[in-house]
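There are structures below to look over.
The following pair of complexes shares a single chain, chain A, combined with chain B in the former and chain C in the latter.
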Partner chain A sequence: MDGNSRWAKARGLPSSAGHEAGYRTLKKMVELSGQWGIRALTVFAFSSENWTRPKMEVDFLMTLFENVLKESLGEFLREGIRVCIIGDSSELPPSLQKLVKEVVDKTKNNTQIDVIVAISYSGRKEITQACQNIARKVKDGLLEPEDITESHITEELETNCIPEFPNPDLLIRTSGELRLSNFLLWQSAYTELFFTNTYWPDFGEADYIEALTSFQNRQRRFGQRIN
Partner chain B sequence: MRKRSRKFVAKILGRLWRLFRRWLFLTLSIGPMPEHIAFILDGNRRYAKKKNLKMGAGHNVGFNSLVVVLRYCYELGVEYVTVYAFSIDNFRRKPEEVKGLMALMKEKIDELLEEDTIVHKFGLRIKFWGNLDMLSEPARVAAERAMAATANNTGPVLSVCVAYTSTNEIVRAIKKSCSTKRDETAEGSLGFTGDPLRDGACGSIAVADMEDNLDSADCPDPDIIIRTSGETRLSNFLLWQSTLTHLQNPIPLWPEFSLRNLIWAILEYQRVYPYFEARRRGLAK
Partner chain C sequence: MDLARENTWVWIPLPQKFQAPMILKLILGFCWYLLHLMVNLRHMGSSVNDLLFSYIISMGLLLKHQNLQLDELNSLAVVVDSEEAKNTTKIKQLLCWLSSIGIKYVILYDMQGVLKQTIRTDLESLTNTSMTPCSVVDAKMVTSLFHFEKMAIEIISLADGKEGVAKAASFLYSEHMKDDSEICYRSEPDFTESDVANALKATGSAGAEPDLLLVYGPARCHLGFPAWRLRYTEIVHMGRLRSMKFAVIVKTMHDFSKKHQNYGK
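What follows is the complex of A and B.
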């Protein structure tokens, strides 16, 4: 969800206005995804690198996340949205940590659509943590080093909170940046990437349809041949 | 007589072309230059089909194209070039194609080690990344020989990914880290460092342990990944290493990738460089 600050700057607004507009876009995308039968969405809300942004902006974002979760809990329950939060929650303010636990717990039985929100998240840290968990199992004699497989790592990743959809089929990055920026590195091995110059707050239904149409036209071979 | 004068003209034109290239590359290097470029060599077979070549010929053409592009990269001063030549997933193709590719691999590796190739011209160090045990015996032996023969060279590096996927690379790294830690613990050689991540929970792996055991341990992260034929996915290539890499997917099929495309790729990289550098400094903290 890239480009909130640049969208705001282009309009002479503070970055907080950009993030609020970004939230409205997210809401719309979740609604459309549910209508079109998309079963899982993962959104990159805040990376571990974002902690270095100005304190005022970071504090604003943490407050925004809290308010959004509080206000939307009712809607999650009504619309059958299962929410999962990935990232280093120990870095979040205690009130947000508590709210996250509550939202995840209350929505865990919902079945319409899964929404994973990555907050204080780093793809490299996620893989390293998974490897540390596996190393602990080896140390405890539960697993031999020779028996470690890719599935062991996949199971230890935080995205295993929704085991039915471990890997995204399509990754959309807005604002014209052409890279992954530490997002779902392991999981996006075979993901189709779609890049658009549109800033996230301007990303609308037409842009989403363009991304999905592009995806439908891709020929996914997974290393094999299609005859 | 006519043949001699034609050869003379060709020699002069060749020299002029090299001079022009030198001037072009000098101009380009006024801006920031990538240290490491990685290529996903996609489109060989589609090229062969397009040109009505016989099956397998596309990969031969692709190899010749690779040698030319490598020359340009090293002339530009790029220190590291990595190429995705054969994925573990490709083993699932038809046995005849896989057999053909293994044979081609051995043939081309041997060819590269001969005199008057880019390996000697630039003093290249060749590395092979991947699960080499999965290769055919002749291909594996050729790869190991190439690595040994060029180990003491001091020029730029060419890393060839064969029998490679990034997820497999990470699993092999964790296996190595765990085995090493276990052996150190058993021997009692793991002294106390005062670092809680290394002491106490002896099975604990640090990020450094993992990165030291990846195939890419001695190599900086790629600045650019270029995937030809317009496909926009990584297909399990350098997932860990590519977090800040500029991803490019030019339309030409691999054998059609030309100097013009390479120059464009670098210009695109130079355009976004200031934003990249700021992010890279943030990640390093």
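What follows is the complex of A and C.
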């Protein structure tokens, strides 16, 4: 969801206006995803690197996340949206941490669509945490060090909160940047990458259809040979 | 007049309720055809434009593409679909082109290790071990480092990616237990990103983080390139290896040189 600040700057607006517009776009994309049968949607809301942004912007974003979760809880329950939050929640304000736990707990039985929100997230930190969890399992006698494989790492990743869909099929990055920026580094091995120049607040149904059509046209082999 | 003997043509108009939907279908069908035509023309125009641009770049007619500013490009990665990686002629041609552009460090990757089996042998015979190791990376950190003209080449596969992290996890645990062996109450493992980076180095799975990654193959994905090294890498899908063009590589390098990263700030 990249490009909120640049979208606002292009219109002579403060970056907060861009983030609010970005939220409206997110709402629309979740709605479309549910309508089109997409079962899991992971969104990159705030990276661990974003903490270095100006304090005013960071405080605004934390308040925005809190307001969005409070206002949308009813909708999550009505629409059957299961919410999962990944990232280092210990860095979030205490009120937001509490709200996150409440939302995750209340929506855990929903089945229509899974929405994973990455807040204070780092792909490298996620891999590090997975290694740490595995070390604990070895220490507790549940696993031998020589038996550690990549599938053990995969099981310990935070995105395993939705075990049915561990790896995304399609990754869309907006605003013209052509990189992952520390997002889902492990999970994206076979993920189709779609980069668009559109800023996130302007990303609409037509852009989404273009990304999905592009995905459908690709010959994905997952490393296998196609006969 | 014998009405029974005459052939009479009678036009029976369709009932009105069927006429409107049929006309609507025809109109919609025509609109759909028109839309397809417009999209096809747009794609054709784009292809012609790309071909023309490639020709102009190849002829060196565009000054901005002649002197590429590659100061920010310390390391370039090339991911090749394993099926396409068997085309060693194309791989060698690609390496020649990259060397001619002035690339100093290339990481060649394919999932199944085809490049390790094919290109490696050729590069081993070319590598001059007396050459000063490339300053981009500590040569001791990398197990498959070769030199081709003025370019250092690292060849890796999936074994150096996800499997490498698994080995690093095992190494981390062993190191933690070694440090902890004297303590009566064993502490919980508490690893940092630096610990993982050092573990990858110790197990031979570390390496330079490429600034730019070119993907050759049918799918636009990095096919398991070492996740730890991909944090801020620009990723560009170049199409099939058999269709690769020098001009497209030059244009990609030029576009990269204009990029600005703010690293999340």
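Convention: the second predicted complex is superposed on the first by the 227 of 227 C-alpha atoms of A that agree within 3 Å, B and C clash if a C-alpha of one lies under 4 Å from a C-alpha of the other, contacts with A are read in each partner's own complex, and residues count from 1 in each chain.
The definition used in the following text is that a residue touches a chain if its C-beta (ideal position, glycine included) is under 8 Å from a C-beta of that chain, and two chains touch if they have at least 3 such contacts.
What you see is a predicted model; the values in this text were computed from it and never measured.
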Checklist outcome for this item: So, after the overlay on chain A, do chain B and chain C clash or fit? They clash
Checklist entry - Which holds for A:R6: it touches chain B only (first), chain C only (second), both, or neither? => result neither
Next on the checklist: Let me test your reading of the model: by the given contact rule, A:D140 touches which partner, first (chain B), second (chain C), both or neither?
Outcome noted: first
Checklist entry - Just chain B (first), just chain C (second), both, or neither: which does A:K28 touch? => result neither
Item to check | Partner chain(s) touched by A:T191 [first = chain B, second = chain C, both, neither] | outcome: both
Next on the checklist: Flag for me the stretch of chain C that overlaps chain B after superposition; candidates: 24-32, 42-50 or 168-176.
Outcome noted: 168-176
Item to check | Common interface residues of chain A - those touching chain B in one complex and chain C in the other | outcome: 49, 52, 123-124, 127-128, 131-132, 134-136, 138-139, 145-146, 148-150, 153, 178-182, 185-186, 188-194, 218, 220, 223, 225
Checklist entry - Hey, which residues of chain A end up touching chain C in the complex? => result 47-50, 52-53, 123-125, 127-128, 130-132, 134-136, 138-139, 145-146, 148-150, 152-153, 178-182, 185-186, 188-194, 218-221, 223, 225
Next on the checklist: Touching residues of chain C toward chain A in the complex: what are they?
Outcome noted: 81-83, 111-112, 158, 161-163, 165-170, 172-174, 176-177, 186, 188-193, 195-196, 199, 218-225, 227-228, 230-237, 261, 263-265
Item to check | Partner chain A, residues of chain B touching it in the complex | outcome: 45, 87-90, 92-94, 97, 165-168, 170-171, 174-175, 177-179, 181-182, 185, 201-205, 207, 210, 231-236, 239-240, 242-248, 272, 275, 279, 282-283, 285
Item to check | Residue numbers on chain A that touch chain B, as the complex places them | outcome: 49, 52, 123-124, 127-128, 131-132, 134-140, 145-146, 148-150, 153, 177-182, 185-186, 188-195, 218, 220, 222-225
